[in-house]
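Chain naming follows the written order as A, B, C and D, and within any one chain the residues start at number 1.
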Amino acid sequence: MAKVSFRNDYATLMHPNVYRYLEDKLDVINDAYGNDSYSQSAKQRIIEKFGLPETTEVYFLAGGTQTNMVAISYILRDFEAVIAASSGHINVHESGAVEASGHKILTAPGKDGKLRGEDIDEVMRHVGDEHVVAPELIYISNATETGTIYTKEELRSLHDAARRHGLLLFMDGARLGNALMSDENDLAFEDIGHYCDAFYLGGTKNGLPLGEALVLINPVFHHRFANHIKARGAMLAKGYFVGMLFDAILQDDLYFSLAKHANDLSSKLQEALKSHGLNPEPSPTNQVFVQVDDELGKALIREFSCEIWEKNEKGYILRFVTSYRSKDSDIEALDLFLQAQ
Amino acid sequence: MAKVSFRNDYATLMHPNVYRYLEDKLDVINDAYGNDSYSQSAKQRIIEKFGLPETTEVYFLAGGTQTNMVAISYILRDFEAVIAASSGHINVHESGAVEASGHKILTAPGKDGKLRGEDIDEVMRHVGDEHVVAPELIYISNATETGTIYTKEELRSLHDAARRHGLLLFMDGARLGNALMSDENDLAFEDIGHYCDAFYLGGTKNGLPLGEALVLINPVFHHRFANHIKARGAMLAKGYFVGMLFDAILQDDLYFSLAKHANDLSSKLQEALKSHGLNPEPSPTNQVFVQVDDELGKALIREFSCEIWEKNEKGYILRFVTSYRSKDSDIEALDLFLQAQ
Amino acid sequence: MAKVSFRNDYATLMHPNVYRYLEDKLDVINDAYGNDSYSQSAKQRIIEKFGLPETTEVYFLAGGTQTNMVAISYILRDFEAVIAASSGHINVHESGAVEASGHKILTAPGKDGKLRGEDIDEVMRHVGDEHVVAPELIYISNATETGTIYTKEELRSLHDAARRHGLLLFMDGARLGNALMSDENDLAFEDIGHYCDAFYLGGTKNGLPLGEALVLINPVFHHRFANHIKARGAMLAKGYFVGMLFDAILQDDLYFSLAKHANDLSSKLQEALKSHGLNPEPSPTNQVFVQVDDELGKALIREFSCEIWEKNEKGYILRFVTSYRSKDSDIEALDLFLQAQ
Amino acid sequence: MAKVSFRNDYATLMHPNVYRYLEDKLDVINDAYGNDSYSQSAKQRIIEKFGLPETTEVYFLAGGTQTNMVAISYILRDFEAVIAASSGHINVHESGAVEASGHKILTAPGKDGKLRGEDIDEVMRHVGDEHVVAPELIYISNATETGTIYTKEELRSLHDAARRHGLLLFMDGARLGNALMSDENDLAFEDIGHYCDAFYLGGTKNGLPLGEALVLINPVFHHRFANHIKARGAMLAKGYFVGMLFDAILQDDLYFSLAKHANDLSSKLQEALKSHGLNPEPSPTNQVFVQVDDELGKALIREFSCEIWEKNEKGYILRFVTSYRSKDSDIEALDLFLQAQ
């Protein structure tokens, strides 16, 4: 029998509702390259949900690294840089995609995976002359790579820093659903478009087989963006397919229900770990990191599918991720297992 | 009622068999990034069908422009070039994706959309010193952008030219099914891998919602190719999804049956046009180009979905494309329409 | 004894006046990176000579390929292209430098090495949607790669085409001195800045050991251009050195006298060739192309340093170039030699 | 009167011997693009001085940033990275030139501006899968950006780490003369080529108007390198000019005498500072960093040309640089000035 999986949030194909949505679309004739009614409908759902200006442009791309690279490389010239937290996905887990597109990432240590206004000030203290790259854009993830989220005050402060230094603000929303559905979240949907110049809503990690909706609010992103998508190899001939996927998952707020479900199971998972004397990093979203000793680590890895985040002298830091398809019984299995140790 | 469509071969979502294949996969836990059993199975189907060495690597990417850019930019250094026919897709319809990845395309006029050994000789006559880019790779499409196909003799001759000049040969197979299933085709499946260093098998234009299977035969393509895919933003987290799509469509040679179906309807379409005194370019595959006068052109465009390839002094050159979902009734509707003119 | 050389116009180090100018500068303390008084003086000389706005920016770079790449890559985004004649230096003799910086060159055959307004119209007929690169810039050379020059009418017409299509116009002036000092030239110095958005004045081919003065008139080139120069590796720490070189050669119009000298000797050379029954392409500048038969070709190559432009069935097309250091005696030697054949 | 300058080592044009060397070369006819006898002679001088294999290739480029970018971008593919100290010139003062050429820099804090074998081990601990860039090259500077130098033991240890991880080692030698002529240096000339795969010998900061000699020992750098130089805009038509410059300054070890002179005056400068109670960072080469209080800082900046390295709460860290043209009287002037405070 397959192990219970807490490996990641992209291990199962797609939510059944999304699958069923496609059933009667198999024989429909569609316009290509995203100029179809499903993409239009999905776009309108996003604009309405986030209270965005009607001039907002939305493009449906395949994956997160691609979306980051496409958005960032559109804005930056060859002497310009993007600022990110050292732990930012673009800095550590994208095989140098931003640099391969010709641009430097300037990093700041940040705090809990998040950039603060003061980090931006510090980075900007060192720039200015022609020998140093000129930052133009700030990249943040919400939820971050370690599952933390931005408070309204933090996002506002970062937005103010961006404006203070003439920078744009881009939010990687591969897990934006988890962030906004967190019990600890105090950001309104409208705040995202208010504070960010562009962001994306990730489908891959929340119930779609692929797809990220890139939302371009600031008109500085609006000149021939489709041309740029094509030049970076990211244009899908059957753009309507990803349009359909998003149209399906945005119906009746399914996207956000699924994210909330993953968060709820993460809370239960954290409770289960704590009830057995473990001490997970408190996580407001669906990623849970916990230090365990060597013996327990080995046992957990044997019984469950989860990720070894770090091997250290105390044993292991393991990452458990819940997703739209996680079940109460998954947590119960973990609970039983820990009880038996 | 929707117009009968001869617009292109990517206007409908996917073949029903592919859709049904996915149904019982919705809740399966998969390894990410292409390291899954479905991708493995699809890869083996390709290796067997084309009689390729077991060392062959196969990667499943999202679209054709992306696959061209990923394959070409892997091989070329910044001073190296790819040779293509002037009409090659990479030269005219990819928004400069190859150049955006840092490489020049050297073009030759070719003949009927095809490169010949003598074209390569001519291009190579002008290169050599450090002021001129150094070609390393030949890019061809089969079927070509205008629906023609390579004969065995032509492919062999091009392969010989490649070896003569120390070049690699890469085949864009966005419509490889149509080429190989053409009544006029004399290439065996084994010939593709025998004469080419790499090629791809296009899913987007033959029944899949997206997906191209990039087949890397020559080991010169095998060093950390996945790293390169990621760096170009082309890695899918749910790689197993495209693996499943190909596994589905390669079952029972469905892929090739669909291509044959499109070709057969193209033959009928050509017959219908000729029976009404029109003179389409003879096409061995599923794209048909026909010159019509101004009045007939306008009428056809009004009644059918097809593409204006060129507006000229004689009227229009129209492109009609058949696909896996074209029906006999589509051709009959066109026949009836032409009869009534 | 060394052969008399008509090989090229960059075979000797520098004009003696330039050398002598440097003598008393050896121990002067200068500001680096071009922020020095010599660069400032040279810039002012150019602004005055060409009647340019005081807002014009001038940067002193090392070589022609570098200057082309730096100027072009500053303006273009990844989905944008530069239009050039097929024979343009950037297209054939720069080892793909423009493409290595990420941009496509769209070519037109042109006429006599020159682009015409109608060539631009033709190129622009094929662009427009997101699948095709978007031209933003026209590249021309004056004098061209084959020694021809633009008339005022031709340049105006090209400028009009540029404005008609929303394109910028950039002039490669590696041999601008030769063009403007040609007996056939009808362009005023003021016309260059009037019709072009940017151009450069080449030093390498007219008496300097290196150096091209890149003149940026249109403010679209003015945002942090020095940052871009640095990012492309083209910033010189001792920028004042190239500033001095230009300051020296622009004194008393030495630059233009040298170009005129080269042109005058080219006229004499053409006369000499014709007086012996040869039929050089009429050249208004310092490059002369002449078809000779096989025997004469071999003899000329043995006795003189010149370039084999093409080996063909009639024998050879040879290129003879005169320069600032060519002497009457060089022509006389050629004349005597031809007489003896 | 001009201030006594300790601003940098590239503020004066060139050493008089270099200037005089050129005098009788003004009218010599040379082969272009580095294929000349002077470049050949300079290359041989370097090969002999450093005891390098005869297969070594040497290219003469214009500046340091360019040389770093050209060497690094030749070796790396788009998914590969170079490892550098955080303080490395390529990371902080090249306007993103390495990234603009498409490559990530992975940084380690290092110690005293130097990378250690253990730094490489630590960086390599985090790489391996396809989501993380693959390091291929280590970049070090000797002397470093802060004037420190590598001991033989340190270089050997770094070389061992490189071999252990399959990496190449590249040394930025913009100030290699100062490093090798330092009283504290224990590296033999032969050690450079023994431990490094490539390095350069900087001319700009040691008596030439421009020029860096890029020395490529490992044959992995030897395939069409000139083509790459051209593609990056770094090829000089009058390559013989930089060849002459290096031929001149390598005669009678002038290059190394000049570096030693700069170092000697740096020692005197450090003595002078210490004799007045100041506490400069001990420097084995020609860059001296000293913390001074606010008042003294302002006075020094007013009277001398030097660089403000950092403004901090204690006052200023000033950088004083000596060069080939520094004089004893410069130090005496500083000594007198400090005495008067």
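Structural remarks
By definition in this document, a contact is a pair of C-beta atoms (placed from the backbone, for glycine too) under 8 Å apart; a residue touches a chain by one contact, two chains touch by 3 or more.
Remember, predicted model here, so these are calculated numbers, not experimental data.
Listed by label, the chains that touch chain B and also chain C are A, D. Distance from the centre of chain C peaks at A, each centre being the average of the chain's Cα atoms. Centre-to-centre separation of chain C and chain D, using mean CA positions: 33 Å. One simple way to say how far apart two chains are is to compare their mean CA positions; for chain B and chain D this gives 51 Å. For chain B, residues that reach two or more other chains under the stated contact definition are 78-79, 94-96, 100-102, 130-131, 133, 227-228, 230-232, 235. Chain C contributes residues 33, 73-74, 77-79, 101-102, 130-131, 133-134, 224, 226-232, 235 to its touches with chain A in the complex.
Interface of chain D with chain C (complex): residues 2-3, 5, 7-8, 10-16, 19, 22-23, 25-32, 62-70, 94-97, 100, 204-205, 209-210, 227-228, 230-238, 240-241, 244, 305, 325. Residues of chain B touching chain C in their complex: 78-81, 92-96, 99-105, 126, 130-133.
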